[in-house]
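Order of writing sets the chain letters: A, B, C and D. Residues in each chain are counted from 1.
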Amino acid sequence: MASESKNKTREIQIKEKVYTTIPFGSQHVALPEPIKFIFDTENEIVKEIKFDIAYVHRGIEKALTTMFDFRKAPYVVGRVCGICSAAHTIPCAVVMERAIGIDREIPDRAKAIRMIALEINRLQSHFLINGHLAEVCGYENVFMHIWRDREMIMDLADMLFGNRVQYDVVCVGGVNRDIPKDKERVLLDKLNEIEKSVEFMEKIFTKDRTLVSRLKGLGVVSKEMALEYGIVGPMARASGVKTDCRVEDDWGLYKDLGFEMVTMEEGDSLARCLVRVRECYESIRIIREAIKSTEEGEISIKVTANPKYEAVCRNEAPRGELFYYVKGTGGIMPDRVRIRTPTLANIPILPEVMKDVSYNDIPPLLMSFDPCIACTGR
Amino acid sequence: MKELPPEKGIRNFSVIETTLEKIREKIREIYDPKKVHYIGVDAYDDGNKMEIRYWFLKKESNVVLLVKAPFDYGEKVPSISDIVKPAFVQEWEIADLFGINIEGRVENFFLTPESPRAPLRRGDKLGK
Amino acid sequence: MLKMFLTSVLNLFRKPATHLYPFEPYEPFEDYRGRIVWNEEKCTFCMRCEMVCPPGAIKIMIMEDDTKRWLWNPAQCIYCGECVRNCPFGALTQENQYSPPLDKSNKRDWSEIEREAERLKLLWRERLRKKSQAKKSS
Amino acid sequence: MDFLLPASLLVLSPLIGGLLEGTFRKLNARMQNRVGPPIVQPFYDLFKLLQKRPILINNYHVIMAYAHLVAMVIALATFLLGGDFLLVIFFHGMSLALLSMGAYGVRSSYSQVGATRELLHILAVEPVLIMIAANLYLNTGTFLLSEIFNSNFLFKSMPLAFLALVAVLPAKLKKSPFDVSEAHQEIIGGPEIEYSGPFYAPIYLAKWLEEVLSAGLIAMFFLGNPVITLIAISVTFTFVLAVDNSTARLSYWDMVKYTWEISIPLVLVNLVLNYVGVL
């Protein structure tokens, strides 16, 4: 009897492959955001992945249709995500304007200020994620340096818009505050300094041997795979997919200012990181052009009607394509608002990429995707 | 961007209306990863009827496409995640938010078990 | 690697970038969106600020003897400045100072205030209705 | 006199270790262009840890933490009181092994992974130390530290062995690029993760003692003039910290590979050179 049961257990052991299960999240040092991965590993190589994002649903889509009128909507969606606050407020304002039917009348100066807000937002987000990427590689010093320089950008936003994180400068019908001449000058001076720290960042991420050896060839997403999974933003551009909503949608003046898309072919973590670094140069250039091309003047128009059409807006958030849809019915609150955040588009590919990667490479791989779970939960 | 007349109540996207039975074929017809970018899944509930909506982008012309199909409450909705690979995440999300019975959905993917059921549903409430 | 090595060693002789906040005061920028200041003399209690406030941090209480009070919750306020821009009489201004930290002396039960304001508003509407009825009948 | 200085060093070693750790943190912060905590911060930490509410996972787990400390104390005592150098190495290795044994005693997978990596640390560090011991024997004719300490400026005859020691110091002190067993961003402290409050205190203390032991190992090469000894220790530690601040963490196999490919050949070359009589 005893031997029989012994045989049984042995059989079970042979049948079932025994993996070491390593949980990652819902709170983890490398990614302090509420997403949970469960990795089944063998000799620290990830074999199976499960994930769960059911932690932070805040019902913002519902709140926009039941609690806040359309004028307040940009302020509400600014709170979807702290890092890409401007990136959310702009398409929300634009989509409301389109639903009202006044999107053609927005003055150029307002568009330029929106672009400046978005690009400053992008700069600080890219600094944040690249610093964080260095940190999860165990490179605390680069993290400290990049975040020290990021403080400059935060101060810039503070000076221009009155707050470090929540710019709240965009409203339906234009923007809230203009950038006076003296601030423009300070902004241009600061941009030179920021450019220097971007150069520092580029030097580190291209030259530093330990960092490059960690990131090179890690989590390669080929172009076919990127297209198949419909990934967006810097991740797609790092795989050679030419997609950028700044030129695809026309709420801003990007086409007029000669926007150049940054793409790379490698598709690994290092490429994703370098695309972000190089986008920083482009952002700085766009801010300069935006200031140069427009004069102080009208910054908003009066909004008298309520949203009555269905409209969409696509915006390039720091993390990728952000999609807003609004269905207005003529009432003060829209009937349905849909927010498709970039991370939601990038999540499906993660399990594919993470398979057969060593566990100690998982944090850099995950951070190179730049997930923002607070956005995803909404 | 192609603009439809405002009388139809739609700005800067074009609509393909179809039925629930035909939606898979329709999407198979449209979707080609090289030419069409998949944006997302959405649902809409006007209180009497539900609608499932798939958003795409035609890359060449930058036109946003909406493929939509109405259906009744409780009807089983086919999944398109075998045609459009990344669709499953958002399908499960709207399945949770609207209480739609989508093929292959995972319960409580987006909401916690304690949260209200189907918060965005208007008619035919599911209750707690 | 070498670059960072040199930077690290040189940093030993540089001034650290840390701002030791409570010991070194931090000056907010000129246009920082800080606390909202209410000027009672200019205010006509038009209720516009209460209407436009996104989080509902401004409440106007209409007491039973028709005196009015303007209440602002610094903890709920998102400091967007929408009320200041929308005030037709310039009764609201935004300072560049941070709002003071909440402690026992200035913390109030805001949900209680909200409920009270709603109740008083209903009473006020009732009074208005009665007044207009009286006018009509006269 | 011969006994008084080592004994007083041993008694004061927690104090010295704490100050060393505090200096490390301060230097680390300054290298990252920060101000950093005060130098006595480790003592604040230790007292805070001792005051915390004890949460016991299992007895075995906690006993191993104390055993880790005791083995480290024995290693340090043997070193300072002039015992056998091999004994120091064995007790040092044993204390790390005890730590990973304790880590295997809990179900947390971070702890388990960390324990495996800790064993790899032993695999990386100890062979180099043993090779250095062999080299010392060739030079001084003894493993007894009391006699080795009488020798003057060993660095002259075994510079490559010293370089090998510097190369394994990051792995020994768990500094980047070889902090794989701690790997804060991957396994959150590894073998230490499940210890908390007063049960973490012995591990924290053992870390200080390990720093003192490392300082002693460096000092061993520069005996003779106390000023030179102190300068050597501070320069070496600054170098290790600067390396810590200028590298990313490599994988655990890289750690074993680098130490075996660089440190051990270095000592071997030194050994051959000593044997031939060049150095």
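To be clear about the criterion, a contact is a pair of C-beta atoms (placed from the backbone, for glycine too) under 8 Å apart; a residue touches a chain by one contact, two chains touch by 3 or more.
Owing to the predicted nature of the structure, the values given are computational and were not obtained by experimental measurement.
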### Task
Weigh C-D against A-D on C-beta contact pairs and write down the one with more.
A-D
### Query
Quick one: chain B and chain C, Cα centre-to-centre, how many Å?
40
### Distance between chain centroids, defined by C-alpha means - chain C, chain D (Å)
56
## Note on the structure
When centres are defined as mean Cα positions, the distance from chain A to chain D in whole Å is 42
## Note on the structure
Chain-centre distance (mean CA atoms) for chain A and chain B, in whole Å, is 23
#### Entry: Per-residue overlap in chain B, given as positions that touch at least 2 other chains
none
### Summary
chain D touches at least 2 other chains through residues 31-34, 245-247
### Junction residues of chain C - those touching two or more other chains
1, 3-4, 7-8, 17
### Task
Would you identify the shape of the chain contact graph, picking one of line, ring, star, complete or other?
other
### In contact (per the touch rule at the top): chain pairs
A-B, A-C, A-D, C-D
### Query
Which residues of chain C touch chain A in their complex?
1, 3-4, 7-8, 17, 28-33, 52, 54, 78-82, 85
### Query
Taking the complex as given, what residues does chain A use to touch chain C?
68, 71-72, 75-76, 79, 141-142, 145, 148, 151, 155, 158-159, 162-163, 166, 168, 171, 176-177, 203-204, 207-210
#### Entry: Residue numbers on chain A that touch chain B, as the complex places them
52-55, 57, 59, 61-62, 98-99, 101, 103, 224, 227-231, 243, 248-250, 308-312, 314, 321, 323, 325, 327, 335-336, 338, 340, 344-345, 347-349, 377
#### Entry: Contact set on chain D toward chain A in their complex
31-34, 109-110, 112-113, 176-177, 179-180, 183-186, 188, 245-252
### Interfacial residue positions of chain B with respect to chain A in the complex
1, 6, 9-13, 33-34, 37-40, 42, 44, 46, 55, 57, 59, 62, 64, 84-86, 88-90, 93, 97, 108-112, 115, 119-120
